[in-house]
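Down below are the structures I want you to see.
Below are two complexes that have subunit A in common, paired first with subunit B and then with subunit C.
Up next, the complex of A and B:
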């Protein structure tokens, strides 16, 4: 009896093992590495008649070949259609699972990226960590330069596909992305592109990126060179490094549809360079310097915020902060795009110099 | 019917029984009217001289009766007993009508040497040999207790192999002892040559790939198992002792864990479980990633991996199976050949297979690394039996990943887990202390906690005396 049960169990186990063989089909889902064209960077531009020009960069994996990568380019109605057209151009199956960078031309960004972001998200083989970058110019032309030089400026954060779509779909915050332009032989960071919903509206120049970063989020690491006017005809520059920032937001409700928002940036860092003439080892001098730095930061931030309100882009996520103080109903009844330009936004900075160098 | 002549041992009858046994020795002492019959190669020569030849030389015929009163001479009245006695290394003395057996067993044997298959760096180096009495003495000298009980059984219709079941009274669970004894007594076979063979007769599920009883050739391991409440079986003419009941995780511990400091022992244990994961999944991961899941490859590795695959003419699964078989061939050749030639094989294999296969474009060098590291990892597992089983399973998993990619890998691992949880060892769960969950055991299974924390015996041995030590520091 026991024996019989045992052999029955074994028989059913064998059947169970054989059953999944039915699932294999014709090996159509096999993706053997060397037979794939692995798109690592893809750029999307607006072409005539609302079609898009897609350029993909595929590494050439033959060690004997002098070319390290191959560019495939086509004009099509959709991103995925372009991929099928690429497969016709090469002997490889073009796949998008190794995509690392998605570049969007400025024209396309002005028209709205929503549909394209949606396409990228829909494909399960595309990682959420794909970097979204806006190109100031024709994206397809700069693809090569960008590859040579990875986005360098650390004051400009990378924006991943996840972050972009999260901010795009969330209420009360608008997405941002780094914007890059070509300067002769290499691509340089141009600044931060600010979007309203999925449409590009304005940009913050690269040198001001750090001020934007301070008020958008907590920073773990950063660097800023601040100009504090002139002294004896020489510019006074403070290089503020190892930045640690914690942002706090206070929302005051002034009346129906009227808010006052205080953004507090608590900044700590070390002074790596100081071209002024005061001795930093005196506590009084340091405190004065802290106040000076804070003033510069606050002035920059104020200008930046008023620009953002003019363009009606809420890239700092002030809407989220206000939403958090309201009930769901109140927030829903309010038209945030109408309220936002009228919000009083005050940017405050508190600077602490942690250390100021070895000798002085 | 001649029951008398059949049963009463006579010299003639015994010599008839051993007719054509050229190695039998028969000596006559006409002046004493005595005869001795024995197998010289099973008898200790010194003992023979001291107990028989010297007294015979000194004594007259009438003094002989007094000599035979000494207790080492056992008078035997049954013919069959005499035959068995001679076979087991006794000297049969025929004097008149009476027959006496003198146990002078002491055959030539290998002396106690270092363990070959379970080497340690620190700790005792002696290993069991083929002689069961020597093996018993190696254990007895480590456990000086009258509580160490030894049951003697005999198996094999022709070989009459002696099997000893060792346990410590009041620590071992007698139900296990009884079960084991019954299983051994139920065996009906002609000959058993090794402990490894015996386990396959008494295991709960002999068809499984996994060994369900731990085998060891180290007396210190055997003693530690006894002290933990497990049962040791020693087979005569085999250096392999069997410990039962065993759990899957026991195969991943080495005596070195206890001889070194606990932090080291813990690190080594964890390393071995990592080795298990690497052995099972490394080559399989290579296959699944290069065949199906190109998305998983890190950017920095992509070019290297793609370039190394570029010239390979086969799909990854065939490539991987080819290399795995190569490694197994190398290993098997190395194991079967004498050590000196074995080294040559290692070098030839390492250079030819490793270097040339890549240059010829037959395999990718990333695969060589994967195959080599999973082979190395498999040798980290201290029990040779377990490591061999796991190496075999790996082939199944590679084939599964070749068909279904990561789904195949997960399916393979799931099947292994299902099978393992189905196994029992002497009726107790093979996956103890995971299933049933005994978190108290973990500190001596997955890690090796300081001795002050190892205060109780493993739950699997179901001992009635679970306190092992009371030192708090």
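Up next, the complex of A and C:
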């Protein structure tokens, strides 16, 4: 009993000696929430003379203040230098640990994003989940919520630092990112920006985003409104919802450096709206509709693929598929950028209407 | 008679000793040194470590569970052995110390960038001191508790399944690596820790099950390493994985909830448990060797002295890279000991057997 008391006393003594050390030790890393400027959205754009215009949006926590967020903006030579400049503009300590969105201007995207993505990833306080968005126009706008919703619908792929850097560093696929347009008082989704390595090359308009999504990967949720031509002068639209898609790829080797790739999208979904004049409860009508939908999808996809080949962007990851049929030596000796535009790519779609709602 | 360690506790203790700070860099090293499908290199590592454990179990069996120090001192005069003991103690002491320092430096980089890391190191060392003074049985009990506190984290691997793609693993086997000998040694150091089981002989029951615990701990570790490595190779692209210094940190940072960002700070804290056990076990091993030379010194005084020495040594390397170099070089020595020590003991045992001087 005496021994136990003794060791307890010794333990408390050690802790007592240690306490002031630990309490004062972290003084320099003390963070008081009210004094922090937690950057949630940061935007980067190319300014004159290859400098960068950086804008950061910082929420104001002070309950007495009428402003809910503060915009900080500066022109500097690097992303992180801008943060130092921000600290001079405001009484808050600007930190990037809560960054959710990184917006890049189109001009910067055309010049290449690689270095900036690297900088963001180097910072230990920035996570891989930061969303990457391209802005067609002034990159300094606040558009968090809009992006959140669109990405959930899957027609525009949600791109984070993780995905961008993953595809950028992979030799068989090119990265993509949503692109947003500044239309006066609102910001709207403009489409999907396709990159060649880290440089912006072309864009797929927002209404065609779903066709891109179907052939890039499996989808677990999506929606598409398809125009199937006209009937009695009225457009026939079918609204295909709750899309489930599984993508399959077949690679055929035609000769040295010549390939044929078949992309098969197996799509299931429900029809929520149909403006044609047939009754959907007839099996024949539905089968015809399935074929019509597939034809529209395939035509769109064909057009899209030929554009991508023209711009030499392999956003669908055809390279990965071809790489995985070759030997290491063959793949390394091949210049994929030269081969890619010549690859015969065939997009096939098989559509199944799971149900058509609760009305005939 | 103090209580003996049970096989389950041995398994957990060995597993916790083996898993440490290396897990943060392991997938990156596999990708960098061995290229495509580098995780396959873990398989020979498992075979080699299992063989090493087999050597240790031979020592256990042939020596009939006697302490390894007794085995040596029976044939070799004590003064001759002292430099050897001193060498063992020095290597183990500094190895443990550098592992602790690396953990602290990464912790500092993540959470407290300007605080003096030696303050945290002191806190970790005091924890280790308190554990060591309680003896091996209490260490193993604490290790079991720590195991349950941190083992659930491996379930977080499920989080990465949606983004996992087998295509990214590529069909190429170990292509595009470099410096493979250095790489092999660095990767093998991820398995080190089991060799300390050679010092546990006096604390276990003399039956076969004791060594089964060591095998089990090693196998469990191997399963975890392989699954983590496969996830990294299918979640990140190869080029990306090579660029990430601490892929596990990035994995943890990818886990995101709407209400909290930078979860990795929290989760990294939990890795203190396996790291602490690793440090404690290496220091305990050093203490066991020194105690053989200075049998009269009080145990708590000895622990205090050893930890004070190691704390002063840990002031020397200041940067993460410098600590990495220390760990790599000491890793060579520790690997050498892991193989050399049991082989030496087996030779001695064979000599003793021939001379017919085996004591029952």
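By definition in this document, the second predicted complex is superposed on the first by the 320 of 360 C-alpha atoms of A that agree within 3 Å, B and C clash if a C-alpha of one lies under 4 Å from a C-alpha of the other, contacts with A are read in each partner's own complex, and residues count from 1 in each chain.
Everything that follows uses one rule, which is that contacts are C-beta pairs under 8 Å (C-beta built on N, C-alpha and C of every residue); 3 or more make two chains touch, one makes a residue touch a chain.
Values in this document were obtained by computation on a predicted structure and should not be read as measured data.
Of the two partner chains placed by the overlay, only subunit B lies in contact with A:61; subunit C stays clear of it. Within the superposed three-chain model, A:171 lies in touch with subunit C and out of touch with subunit B [touch as defined at top].
Taking subunit B and subunit C in turn and counting the residues of subunit A each one touches, the greater count comes from C. Of the two partner chains placed by the overlay, only subunit C lies in contact with A:323; subunit B stays clear of it.
Of the two partner chains placed by superposition, only subunit C is touched by A:162; subunit B is not. Once chain A of one complex is fitted onto chain A of the other, the partner contacts of A:95 are limited to subunit B, with no touch recorded for subunit C. Using the contact criterion defined above for the overlaid structures, shared-chain residue A:29 touches subunit B and also reaches subunit C. In the superposition on chain A, A:125 contacts both subunit B and subunit C.
On subunit A, the surface touched by subunit B in one complex and the surface touched by subunit C in the other have residues 21, 29, 97-98, 100, 125, 127 in common.
Taken in their complex, subunit A has these residues touching subunit B: 17, 20-21, 23-24, 29-34, 36, 38, 40, 59, 61-63, 95, 97-98, 100, 125, 127. Remark: subunit A residues 11, 14, 18, 21-22, 25-26, 28-29, 97-100, 118, 121, 124-125, 127-129, 162, 165-171, 173, 317, 320-321, 323-324, 327-328, 331 touch subunit C in the complex.
Interface residues of subunit B, counted against subunit A in their complex, comprise 289-295, 297, 299, 302-303, 305-307, 309-310, 312, 315-316, 403-404, 411, 415. By the touch criterion stated above, subunit C contacts subunit A in their complex at residues 36, 109-116, 119-120, 122-123, 126, 130, 163, 167-168, 170-172, 175-176, 236-240, 242-244, 249-250, 253-254, 256, 261-262, 264.
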